[in-house]
Structures are given as structure tokens and as C-alpha cells.
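Dropping the structures in below, format is C-alpha cells.
You will see two complexes here that share subunit A, one where it goes with subunit B and one where it goes with subunit C.
Now for the complex of A and B:
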């Protein structure tokens, strides 16, 4: 193999790790807000991602049949819609279910799991059991051929860009905005936050809905990579929890670092070992580190 | 089951034709309930009356597998409706009891016991995954039931109580590999599969065939967990190995991710030869024609097959389930089940499982949408192998067809 080829493969492999990092981070981000900041174990996180993905599918079918001229432009708009739809459903779920369970965090596990099953069956009944794929605009498909033999996937770059945007937005909102301040105050000490005049009920609802909205964006982005079916969410949920738990539940930076670590380990070991072995190795490594450091990579500095 | 106990068909014809003329009339293919009293066609207490015969249908209507099994449910129902419209079997209308295996293997076992023991069904059309078939097999053998199983699968199984209407592994693989060698002069192969029994067994057969019988070379063999959606590292490995042929058996949601990412990495039909065992018209809905265009699939049936049987079948299917419905390989195989059972029951002149099983080998179905099929003594079907090229609109164009029927060989010697 020539030097050029090794160089190209190394670059492409590096990008493979980066795009997996983007995928994992986007998956984990909404959960990091809900699980990390609020302590709600949201087993229906994957289904909120599926809602986002189905929104894209719906809009792509609508665009295709009613306004084929807009096929190249609908996608960014559809992602925004995915956020709004998932946000709305998150709001509803918090109002109907989650708010009654803040004092019983382990029961949220059961309740949201039930919610996830109900949502899966709703998808199956309303949309159909078959896997679907939205028609993507042409500019999102194929590869960017930098030089001969060096192909960078365009959908990978798109997901990476979107992840940077969303992560930046969340970090900014959480640490620089009034909402972020209220969230952090509620997380740190609910009673005291209430006493200082923060409407914790409202904060909780908005936070949960934003977490779900981001899950919707993640689901929307994944339509460029995979397909969507009623049970797609269950594929993502394990990885999402892995990323958040490994990073340290209450730390957003922890989620970023953990997503990066898991993605690189997975992608590099996949390159040198076989696919299933790589998964085993990655999980072993995570389990070992979590045994030595049960609080995750970044310890939370929250007084409970 | 041993073959000696089966009446061979020439002898049977002789008997019917000369020695037992009155019996032959009674057993003729347009048998009548009046001519065939229930006590005669049903000596083992099955749910058969003078006007009706009850059969079971056991698929996943809910859960993960509903995606795949819906087509089979529809095709079996269509065949049963058509048979009923023709007057049923031995003058009796077929009534179906539908059970939902819910993508859960113990549920499959429980429901199959219910169908056989409580409902006393004459036969069952059902199962899709090998795991569900393995779960119900001991029950079918113990209760002496009869199962028509539609999916192409890994082989290595043969039961008195099961008729396999899909291809076993060699029927799907060997012709494809030979075609790849002759038509595409492929010498090096990269094998990729999801990590469970069917892809692993299939790839084992493929490796054996390429290395021992074709003098080719395997330059990579990789398995990924079910549901895996990130194939970028694998794609880089493919780029290093530069195989003449990517030979793939990736299933489920992974399938879609695999082809989308191949395209995104610049591996398209125009630049790379790829042959797969796991993309039918059903999978194509998710994968999308633009991602699979120019790649090849090895199956026994494609919706675009150009023959009169298939045209009638496609028309009837679309009439029943809407113009957008697609028909994949397994859907067609599921459609064969009720027809094969009908032929066997009429040949046996009885619904008794033992007699139907004994009558099954040698049953021919010239009206099959895939063309002509015949049941082998090992309970699998003789059928043709076909290769088709994916088109940008998501359809398949058949480019090759095995000249002869492929003999089913569930325990291939030299491939173990």
C-alpha cells in the first residue's frame, strides 16, 4: 500500500470517529439535560428521537407530493419542525406523567418505559410497521471527493455541523441565560429555588420539553444515516444512557468528553478488530472505568 | 421420515388409473364434501367439519419483526381467499385463526401449542425468523402438527412436520457466487453480515465455495451486532482490501444504514460490485433506490419477474393491499404455502397430518409466481436462483437466472 493510501485511510478513519462522536453526542445531549439535570430516567428518549425522524419523513412526503420544487430546501425547515413537534410532545408528557413523579425518581423509569411502549405501538398503528426513509435533498447525499481516493461523507459532515450547533446552543443557554440559571438552581436545591421565587414547576416542564426537542433534532439528523421504524428508538436508548452515565450524570461537558471517548474507542477498535469484538471491547472498557469511578468521568458538584 | 414408505407417484397413478377406479373418482381433484365424509378425511380429530377446515396463522403482527412479517401475513391470506373463492379444499372452506407471535420467541411457542392443542388446526402457516421456528419446532414435532415456513434461511434443519417454502442457504448462495465469478470475474470477496446464525452460516458456505471450489480468495470477513448503524470503519477496511465483490448479509435497520453510508463514502454501484443475500423489495423501501442502484441481490423471486403467473399474482396482491404494496422474496414464498398444502391434501385425499406429509414430496406447483416449484423429499423446494440489479426507482431488474432448478440441500456435504 502506498503512502498516499495510508494517508487517505487515516484521514477517513479519523473522520469516521468524528462522525460517530457527533451521533453519540447528539443522542446523549437531550438525555443529559433530562437525566443529568432533572434526574428523570427517561426510557422514552428513543421514541422522542423517532418522533423527530417521522416528522422529517412526513414533511419529505408532503413536500414531494405538494411542492416538489422545494425538495432541495425543505430539510433545515423540517429539522426545526422536528424540534417543535418533539418539544410539544415532551411538554405534554411532563404535564400528564412526569410531574407527578419527581419525588419518586425510580418510578419515572417504569412510567417512561410504559410511555415508550405505548408510543412504539402508536407509531406502528398510525404510521405502519415498515421501515421508512425520507427522500433527502441531493446535496445531502454522496461524498465530497477531496482528492482521488479520499471521500468524506456529506451526511457525516452535516450531522457533525448540526451537533456543534446544538451543543453550543445548549451550553450557552444553560450557562448564560436566565432559563439556564433557573434550571441549575432547581437542580441544586429545589426547595430553596422555590423560596427565592423561581417557578420550579414551569422550569421543569420547559427543561423536559427542551430535552425532548433536542432528541427530536437528533432523530431528524439520523434520517440521513439510517432508517426509521416504530422500534428505532430502542436501538439508540442504550447508547444514549451509556454516554450520559459514563460522562457523569450531571455534567454536560462530561457528556461531550464521554461521547468523544466512546466514539474513538469504538471506531478505532472496529478498524483493527471485527465489529462485534469492537463492541465487546468498548463495553468492557466502560464497565471497568465505571467500576473504578462510579460517578462517571466528571463528578457532579451538586449538593443533593 | 424415510422415502421408502412414500408411494412413488408413478405407482400411485397406476393404482388410481387401473386398480381403484371408484376410489379415484372420490379422490379426484374436484372432491366434494358429500363424496368425502368428514370421518374419512379426518381421522385424527382435527378441526374439520363438513363445510369448513380450520388452519392457523402464526406471525408477528406486533413488535420488531412486524416490519418483515406483515408481507407474509398478507400473502398467506390472499392465497387462502383465492382458494376459498375456488371452492376451498375437498369441498371445505378454509377458516383462519390468526395468532400474534409478537416478535417474542416464547410467545411463538405458546401460541403454536394453543393452535395445535386447543384449536386442533389442520396446518399452520407461520414463523419468519429462525429463532421463532426453532422455538415452535419441538411443539410441532410432539403434537404432530404441520408448519409451512416461508423464509430463506440457513439450512441445517429438516423436520417431518415442516415444509420449507423459502430457499435454504446453498440455493441462495452458490449460484450467486458462480455468477459473480463468471459474469463479473470476481476473484476476491469481502464477506459482511449481521452477527447471528443465518449470516454466519451463509458466509461459512460462501467462504468454502469461493476458496475450495472457485479458487478465489476471501479478503475480509466481518460481523456486526444487530441494529448496528455505524459502518464507517468497516467501509475504510473495504477500501483498503479493494475486493472485487462485497458479499453482504446485513439485516434489519443496519441494512439501511449500511447502504446509505456506502453511498456517502463514495462506494456506489458504478464503482464497486456488490452482491447481497438480504435486500428484497421490502428492504428497498427503507434503503431507498438511490442508495442501492447498481448493486445486485440474489433471491429466488423478484416482483418484476416477467411471467404470466407473477403478473396475475402482483395484480391480485395490489388489488387486495393497495397500489403501493411491494412483494419481496419471502412474501412470495409465503404465498406458496396454502397452495402447496392444498395440493398435498388433495393428493392425500385427507387432512390427516401424516397423510399430507406423506403426499408432499413430489408435489408440483406450476402456477407459482416464481415459476415452477416442486417439493423435494427433504421438505424444501426445488426452485430457481436469480440475480437482479437495483434500480434508482427502487425496483429490481432481473439480470440472470439459474438455467436449472436448484436442488435443495439443507445439509451440504463439503460445506460444513
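Now for the complex of A and C:
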């Protein structure tokens, strides 16, 4: 093997890690907002991601049958719809279920697990047990040949771009908008935030819904890489939780860093070991580090 | 007589005795060996549920990785049975006779070193309990000493369940992979697939389960049980009283692990196989729902919970497969939202007062000729008043239990 080939393989493996990083980060972001900021364990997060993916699929089939001329343009609109649909369902779930359980985090875990089971079965009944994939616009297909022997897939780059956009948006919203201010105030001291006139129940609901909406966008990004089935979301839920806890629950930067670290560890070790052993190694590493440093990489310095 | 009655009521021995009659007399008389074997399989999940009552209901620590210990116990037993089933005569067609078939398929030519001890039945029985307890001790010690609890602990245990399943599926040559260990035939030369063996194994399982319930009840009534409850409700106060809180949690975790492991071993013996699909993330969470449906504070309730949920699963997933997941979802949500104390809680809040009222009414109806109406009323109200008081106090404990889980968060934010 020549030096050039090794260099290219390293780059492509690194890029595969980046794609995993994008999915993990998009999943983790929504969770980090919900778990880190509100302390709620949302086991149904994966299903909100699946909702986003199915939204894209439905819109793509609708466009294909009714307005084939718009095939090249529907995708950005569909991503927005994925966000809105997941947001709406998140709003509903918070109103019907989560708000009654804020004082009992472990019970939230069980209740949202029940929610995820119901949603999975609903997908199976309404859409079918088969895996589906939307028809993607042409400009998402193919790959970009940087140099001889080095191909970067365009859908991977698109997902990465989307991730950067969403992450930037969330960080901006959290640290520069009124909503972000309210959320941070509620996290820092709920009673005090309430006393200063912040409607914390409303803040909670919007925060939960936004977290779910981001999961919907994650699902949209997911459709460009793989096909969607009723249980697609649940495949990533444990990894996503580990990303959030590993990064430090209340820190969004921690989530970004830990998603990157986990994705790269897995993708690089996959090159040397079998896929399952790479996964075992990565998970063992995370669990061991979490046992030694339970507060995660970036512990929040808020006094509680 | 009255003192004996209060002692019986307090110790909960009456309900355990009813369970014993049901398991050891009613079920064996009413069911054929196929159904009895099915109940035996559900009972092996009952061990996990009983362990969770101690860990979650009493200790306030929710583990989503009980499947790990169930699996380790089950796999230890399965390894012994598999080695017995793959003697050189019956595996003569393999390229390497004398090793389990899945090893042969994966081009292994010798038994791995860590399989060797499982040739001994004594070691296997030891390993069934020791390996899971050791793992639980390591995880528990590392986490609880650093005061990690609640949600973080749940996520970590879930990750451990994922690691174990991925490892088992990935290392097909050593573990049988996704198919698990199948085709287990004899235990020390005794055919475990015969009807008679299944009946015997059912009785062994039921007896072990009852013994476990009694053991846990004893722990609950001892000072240790009181401390566990106190720790769940106000951890800091127990710590400031000079107790090493983390070691109590480690104890509860190890106890739950040991019980789950015994359940796993009995499962393997009765069902005749062990596979990673039985021990992963999804089964581990389902095990929590057994305890939740029965009542997270009630040992006997947990056994009924395991029986009912598993029976429902078998029945519905065969007749209405589409409905089953919805029903399971409703169970999870309903138990958490409406009945946090499960069946046992319903019994305490509805059946017991009703029984007491009936008893009171019966006493009233029978008494008047004997004494003045005033005396009769007092006598009738005496037994009735003790029961509502008892149920009220358990409800108070239970309500506190719900909050107790959250106290850590709230006391931190206060």
C-alpha cells in the first residue's frame, strides 16, 4: 500500500466518523436540551427522530405523485416540516405526559419508554413494518472527487452542513434569544425564575418541543444516509444518551465534543477491529470514564 | 391471638403463604406440564422482579440492566449444559469433536480456557451467583462511592446491557452469537426436556422463589431494611447519622443481581436455551415493568406482576400481535401515572378497606344480641380502624417513595 492510499483511507475513515458524529450530535442536541436543561429522560427521543424521517418520506412521495417538477426543491421545505411535525408531537407529549412527572425523573423514563413503544407500534400499523426511503433530489446523490482515489459522498457533506447549521442555531438561540435566557434562568434556579415573572411551565413545554423538533431534523438528516423503519430511532437512543452524559449534562459544548470523540473513536477502531468489537470498545471506554468522572467532560459550574 | 395476628400482618407472612399455596398446590393441580413449564418460565422472571423491589422500591435505585445479571446467570448454566451436551460421541461428525457445535462452526479447534471450569457442576453453581454479584459489586462500588445515582445510574446500567449483548453477538465462536446457546439436553445425565423433569424444575423454581421472597422479607424487617428505606427517602440524613450509604446501595444492587442470576439459571434449565435477545436493553426494561405492575414496594406483588405481564405477553402477542405493544405502552404509562404502587398499592387502597368494612359489617350484624349497641359498635370499629390506619401508613410511605426518588434533585436545587 502506498503512502497516498493510506492517507486517503485515513481521510475517508475520518469522514465516516464525521457522518456518525453528525447523526449522534443531532440526536444528542435535542436530548441535551431536554435532559440537560430540564432533567427529563426522554426515552421516546428516537421515535421523534423517526417521525421526522417519516415526514420526509411522506412529503417526498406526495411531491413525486402530485408535483414531480418540484422534486429538486422540496427537500429544504421537508426538513422544516419535519421540525414542525416533531415539534407539535413533542408539545402534545409534554402536555399529556411529561408535565405530570417533572418531580419523578425515573418514572419519566418508564413513561416515555411506554410512549416510545406506542409510537413504534403506531408507525408499524400506519406506515408498515417495511423500511422506507424517500426519493432524494439529484443534487444530494453522488460524491465529490477531491483528488484521485478520494471520494467524499455529497449526502454526508449535506448532513454535516445541516448539523453545523442546527448546532449553531441552537447555541445562538440558547445564549442570545429571550427563550434561551428564560431556559437558562429556569435551569439555574426554577423558583427564582418563577419569582421574576418567567412562566416556567411554558418554558418547559417549549423547550421540550424544541428538543423533539431537533430530533425531527435529525431524522430528516438520517433519511439521506439510510432507510427508515419503525424501530430506526431506538437504535441510536442509548448512544445518544451516552453522548449527553459523557459530555456533561448541562453543557451543549460538552455534547458537541463528546459526540465528536465517540464517533471518531468508534470509526477509527472500526478500521482495526470488527464492527461489534469497535462498538464494545467505545462503549466500555465511555462507561469507564463515566465511572471515574461521573459529571462528564464539561461539568456545569452552577451552584445548586 | 391478637398479638400473633398483628405480627402476621406486619411480617406479611400471610400473603407469602397464600402465594406459596398458589404456586405449590393450585398451579400444579390445575395445569398440565406444558402450562406449568410456562408458569415456571414466568416465575424465573419473578426473581428479577423481587430483586428490583429490593433495589428500586426499597433502595430507590433504578437499574435498567437487570437483564445483564439474568443473562450472566443463564449463560453460566447454559455453558455447563452445553458442555454436557457436546460430549465426543454426540459431536462425532464435527471436525473437532467434543466442543460445542457453534465453536466448531466458527473454526475453533479447542475449548477456550475460560470455558474449562464450566465442566464442573459445583463451579457452575458458584459462578451463576458469583460472576453477576462481582460485576454488580464493581459497577455499584464505582458508581455509588462517587455518589452517582438516579438517572445516571440507569443510563450506565443500560449501556452495560448494550455492551453485553453486542459482545455476545459479536463473539459468535465463544458465545453462540445471536442464536444463543441452544440444544441443551441433560443436567448431570438427567434429561431436562422430559415432562417429569419440567415438573420437578417447576417445583425447584417455585421453592427457590419463595425462599428468595422470605429472605428479602427478612432483610426488609431487619434494621438493614429500615436503613434502606431511610436512605431512599433522605439520603443525606442517613449519611450524617454516620452510615456508609454507598455500601448499602452496593448491597442492594448485589442482592438484586444475585436474585436475577438465579432466575436466569432457572430460566435456562426450564426453557432449554439462552440467547442475547432475552437479556438486552428491551427485556431489561420489561423486567422493570414486572416489578412496577406488581407494586415496587411489594415482594409478593412483584411475583404476581411478573406472572401477569408475562401471561399477558404470551396471550396477546399470539392472538393480537398488533395490540400487544400498545397494551405494554399503556401498562408503562398507566402504572407510572395512575398506579405508582401497582397491584399491591391497589390492594392496600381499595381491597383492604373493603374487606375491613365487610368484616366490620359482619361483626355488627352478629354482635347486637350479645351486648349493648354501643359496645358492639366499638368492637366492630376496632379491627376496622386498625386496617385503614395500616393502609394509610403504607400509602404515606409509598407517596414518599414517589417523592423520595425526586428528593435528590429537589434538595440539590433548594
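Basically, the second predicted complex is superposed on the first by the 301 of 304 C-alpha atoms of A that agree within 3 Å, B and C clash if a C-alpha of one lies under 4 Å from a C-alpha of the other, contacts with A are read in each partner's own complex, and residues count from 1 in each chain.
The definition used in the following text is that contacts are C-beta pairs under 8 Å (C-beta built on N, C-alpha and C of every residue); 3 or more make two chains touch, one makes a residue touch a chain.
These numbers were taken from a predicted model, which means no experiment stands behind them.
Of the two partner chains placed by the overlay, only subunit B lies in contact with A:156; subunit C stays clear of it. Shared-chain residue A:111: touches subunit C; no touch with subunit B. Of the two partner chains placed by the overlay, only subunit B lies in contact with A:19; subunit C stays clear of it. Judged by the touch definition given at the top, the superposed model places A:121 against both subunit B and subunit C. Contact with both subunit B and subunit C is seen for A:274 once the two complexes are overlaid on the shared chain. In the superposed pair of complexes, A:64 makes contact with neither subunit B nor subunit C. Comparing the two complexes, residues 121, 124, 274-276, 279 of subunit A contact subunit B in one case and subunit C in the other. Residue ranges of subunit A in contact with subunit B, taken from their complex: 1, 5, 9, 12-13, 15-16, 19-20, 23, 121, 124, 129-133, 135, 141-143, 145, 149, 151, 153-156, 222, 224-227, 229-232, 235, 266-268, 270-271, 274-276, 278-279. Touching subunit A in their complex are the following residues of subunit C: 56, 62, 64, 139, 142-143, 146-148, 150-152, 154-156, 158-160, 162-163, 166-167, 169-170, 281, 285, 288-289, 292, 322, 325-326, 328-333, 335-337, 340, 402-403, 405-406, 409-410, 412-413. Within the complex formed with subunit C, the subunit A residues making contact are 35, 39, 41, 97, 100-101, 103-111, 113-118, 120-121, 124-125, 189-190, 238, 241-242, 245, 274-277, 279-280, 283-284, 286-287, 290-292, 294, 304.
For subunit B in complex with subunit A, the touching residues are 62-64, 66-67, 70, 195, 221-225, 227-230, 232-237, 239-240, 253, 256-257, 260-261, 263-266, 282, 285-288, 290-291.
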